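Each in structure tokens, the structures are laid out below.
In what follows, subunit A forms one complex with subunit B and a second complex with subunit C.
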Partner chain A sequence: MNYVALKMLFGDRAKYLMLLCGLTFCVMLIVQQGSIFWGLMIWSESGISNLNVQIWVTDPNISQVAEVKPIAPTTVERVRSVPGVEWAVPLYRGVGRARLANGEYHQITLMGLDASTLIGRPAHMEEGRIEDLRTPDAVVVDQWAVERMGGPEVIKVGTIFEINDRKARIVGIAHVQKDFQNIPSVYATFERATAYAPPERRLLSYVLAKARDNEPVEAVTERIAEQTGLGAFTQEEFGWKTIVWVLKNTGIGINFGTTILLGFIVGMAIAGQTFYLFTVENLKQFGALKAMGASTFALARMIILQAFTVGIIGFGIGIGLATLFGTLAASKGQLPFSETWPLLWIVFGSLLAICTFSASISIIKLAKLEPAIVFR
Partner chain B sequence: MIVLTRLSVWASLVGLLFTTWILMAAKKQEPMPTPIEPPPTSPYATTVAASGIIEAENENVRIAPPAAGLITKVFVKVGDQVDLDAPLLQLDDRELRAQLAVRQAAIAPAEARIEEQRNRLEDLQVQYKRLQAVHDRRAVSEDDVKRTWYAMEANQRVLVRNEADLIQAVAQRDETKILLERLTVRAPRSGTVLQVNVRAGEYATPGAAEALLLLGETHRLQVRADVDEVNAPLVQAGNPGVAYLKGSTKQAIPLTFARIEPYIVPKKSLTGDNTERVDTRVLQIIYHFARPPFPVYAGQQVDVFIKRDGGAATPPPAQEPGKAP
Partner chain C sequence: MERDMPTATVHAGEAPEGPPPAVRVRGVVKSFGAGDTKVTVLKGIDLDVRMGELLLLVGESGGGKTTLLSVIAGILDIDAGQLDVLGVPLPQLPGGKKTTFRGRTMGFIFQQFNLLPALTAAENVAVPLLIHGTPKKDAIRRARTMLETVGLGDRTEFVPAKLSGGQQQRVAIARALVSEPRLLICDEPTAALDGENGQKIMAILRDVGRSPGRAVIVVTHDSRIFHFGDRIAELTDGRIVRVHSVPAAHSRGAPGADAASTEPPPAPEESPS
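Take a look at the complex of A and B:
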């Protein structure tokens, strides 16, 4: 029976290819759009993931990482006093204006790291040493600053420029995840960053902390929040908070959601229609099978086998093409593209849903089929 | 198998394998890069953390001038060991010296006047005695005797006044002398000169933000730990602590409790900016420590962890201090 079903499927080459193309492009569209969407979300939380620390403490009403509300300078000690906290260090994050020797100016994100530990520092350096941040007037810029502020001739180790009218000297170039807003980051020590920052009553933006190894992180964040009255978030929570903010406050979610939904509907329509035509054309054969004594259930099994076979083949080709696109177009990190296993499983699930939907239309048709049709 | 004869099936398999390969090779979230220096961590299970500063055990003395004036000489340099009453600074004293000369000169005439008056008085006394000695009352007029007596008495008063004038002149000279001495600023106690912020030729005014000299005792240092007032109830008097110098967390300095400052003060931001920002208020706790084998200096910042017994005392869910009106 299965052999017959597959023979029927592959036998009609034109219809088979059409079915396959419909499903392939549907899968490819969803995977590609979903990956770009997720890539954008990862960019939007790069302000958190680039620092890669366990716990973030700040004002409880914070909506996302770039909207800083400064907190009291003693907060570091208050967080350290909470049981279960292994360490806590300050972090400054603010916006500054960098002015180059050639008169160009650019907006930058200024990051102030704890001077002795440099916790929150970029994991990879393209040039220079991060330890040199402790030398006078030293800053480290990321590779996007090189790209945006005038290329490797202008921005290199040793370049001197101004941040908020104060001298800054580049001692290194870090490699980090690109930011959603594409604003280059400049790293300095906390003390220097607060000197660059415009005068404000409070200059502490975040307290970065780590839970002791034998304590669950969530319990520690809860305890910090309870004992200090501040907002304490794990890296994941804060990342999601930022992503949710981006989805709420920009059109990205709706745009990509619409495209993905369209891909789903178009795929479903094409597959359903083609499959239905396919079944209708083979009605005689199905009728003959029924006349020979095959039950409706057996026929349904055949149909489902056909639908899932073509679906799975289409899935493989679709994700292959999408991945190829991703690796070719986004290899240098210029394009947000992040393909993940959960996305693939979701797409696989929706594909099975499309196949089931198209198969069920045909099964209904077959269920009503009179074996006598063979003789007509 | 009919399935294996189709090209599309192979294409699908290739796509699946390719995707799996790419996703497997994709960068996983790396662990956090290890800190350059290990961050300060509490050695106690429960702790009250504080930021602290190392200072001389008996608080530093900010030497101020007694009056506004030009500084003509600085007797000490940074690091000098000075004794009690050792001269530190000399303010311009030319004006007072000139005055002293004038006042000194005023003493001699006053003394001369007394001498003169004594003579005059003696003369009158002799005259009066002679008049009294005459036996025949008719030989001298009563009027002469009375006149001489009055003249003698009047001159006696003048002498008293002249003597008072002399005392006044001496007192005026002494005043100038004392004022002159005051212009030499002396050490109020023995200690080390920690800072010299003034040079000869500069003008000193009392009440300036920066002290002229900073005098302290650096043989014995102490740690002044600032605890946020919200955490003040957590502090248990008498508990030991540890301090880590900024930037070297490998060596802990054990602290022994000395006392709690009874008055809560506003915390000063130690950002190095000259606009001082007063923010939260802090409870200050004083700790003693034995000098560690590595160098420590007065004025160095430290991270302090104070031992807290049990988790019994938890602070009330604190309101963010910023929200207070």
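Take a look at the complex of A and C:
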């Protein structure tokens, strides 16, 4: 009877294509929205992931990475003395104002890296060498600076501009994950960065640290927090903290969350509805099978087979289209788009659930079906 | 079909102590709806269908013929009365058993053919076998043979939409016959057929009916096929008003019997008790 079920499904081209389009559209919609949402979340914590270090130490009341609550300069030494810590280096993060030769002003995020190790440096350089940061007045900008501050003609290796009225010379272009606020980053050594920064009593924003290889990161992180009285977070913790903050405070959570939820509900409702209609239209055929002696159980199996078959095909095509969209529209990192396995699993599970659900409704209808309809 | 050729004929009016009837209907009442809109369609039906006969059921349109067939098939529940099919009290069977029983013992030709549009003729005919778990290859092979019997050997791979009404009806007939059901229930099986094809199909149905241990009920309006019946039951206003045998000359009907002149003689010989 499996054969009959599949033939019923595929045989009626028009109905099958409608059903498939409905399901595909829903999957695509949900995956696309979900991926954009997740992409935004990744952007929001790019200030952490771009640096890729195990442990972040800062003010215990910090709420997210861009907030910056300066800590005492002695903290670096105190973190180094915590058992299990392999190394600890300072990081400056602050807001600066860049003035170009053509007179334009741009807001930038200024990052100061430990000069000897350059820990926290961008993982990829598009041009130049990060080590050149150690030369006088040297800075490295990210690719978003090139894009936002006037293009490759204006922002290139060798360009000279001012940060807070002090000279800066570009020695490299880094490639990093876009920042959520869409502000370009400028990298310098810690000393240069603090020299650019407006004079303040405390200029240390974060201490970045790494646990020894044989020590669990979480345990070392806790130990740092205990011994320094500061906030210490693993990269993952701090990332989530930032994401949660963004969700709660920016309206992205509410706005995008609602959109996604609606997309999800609408998508699933359409998927369920389409499949339900499909079986209702076939009710008479199922009635004929029932009249010929097919048990309700056998018919239920047929319907579930149909639901899962079309569900899985729709899932595949939907994912394909969403991915295509992602690669076309978001390949250059212009749009946030991150298609993750958990999202795909969630959508897959939900789709199977909704197919099962609408199949069950159809089956209940079928169980109650008077096969007598076939005599009329 | 060869082995199903008639070997014994049960004549109308035999003593009731013969073999048990294929179908025994007593005082069956069936209504639709409730309250003001309640319509009583069957108002106390008494009817026997004997083993080895082809019983014709005739009557005015809307008289309840299809309803009676559905009741006998166990796909409509009755409000009152008794119903035995092949010795089994059908209304007493639980739903699932009823379905299985129906699948094992009965074949149907629906008024509307109810072929599955996505399946080829052969696949449609194979469906009852597939339902019983016959492997697909076997089922299709038997379905092809059956299609040849009804004269559609060259249309086995056509889907219903590509067949004429009469051809569809013959597919439906092949489907009803393929599982060699003991009780064959046909609602106007020749309605969409021309005279010649109608005669051919009725000849097949008659052979099935004449086989020992089998019976056929045929609802029809078509007087040209009356001579294929062993008996004719008239259903009017929810009751069986007359049952009469078809005279042997017609009933044994040489294929050459003049179809146009087979108006059944009004020979009431059994009145419903």
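The rule is simple: the second predicted complex is superposed on the first by the 372 of 376 C-alpha atoms of A that agree within 3 Å, B and C clash if a C-alpha of one lies under 4 Å from a C-alpha of the other, contacts with A are read in each partner's own complex, and residues count from 1 in each chain.
The criterion applied here is as follows: a residue touches a chain if its C-beta (ideal position, glycine included) is under 8 Å from a C-beta of that chain, and two chains touch if they have at least 3 such contacts.
Predicted, not measured: the structure shown is a model, and the values here were computed from it.
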When subunit B and subunit C are modelled together on subunit A, clash or fit: fit
Subunit B versus subunit C as contact partner of A:3, first or second or both or neither: both
Residue contacts on subunit A - larger count, subunit B or subunit C: B
Which superposed partner A:295 touches (first subunit B, second subunit C, both, neither): second
Contacts of A:20 with subunit B and subunit C, given as first, second, both or neither: first
Partner chain in contact with A:285 - subunit B first, subunit C second, else both or neither: second
Overlay on shared chain A, then closest C-alpha pair between subunit B and subunit C (Å): 11
Subunit A residues contacted in one complex by subunit B, in the other by subunit C: 3, 7, 10
Of subunit B, residues touching subunit A in the complex: 2-3, 6, 8-9, 11-16, 18-19, 22-23, 26, 29-33, 35-42, 45-51, 226-228, 230-231, 234, 246-249, 267, 269, 271-273, 275, 277, 279-280, 282, 303, 305, 308, 311, 314-315, 317-322
Subunit A - residues contacting subunit B, complex: 3, 6-7, 10, 16-17, 20, 49, 52-54, 59-60, 71-81, 83, 86-89, 114-119, 121-123, 130-131, 191, 194-195, 199, 201-203, 226-230, 309, 312-324, 326-327, 339-341, 344
Residue numbers on subunit C that touch subunit A, as the complex places them: 66, 69-70, 73, 75-76, 95-96, 99-100, 102-104, 106, 108, 110-112, 114, 116-119, 123, 127-128, 130-132, 136, 159, 175, 187
Subunit C contact footprint on subunit A (complex, rising order): 1, 3-4, 7-8, 10-12, 284-285, 287-296, 298, 370-372, 374-376
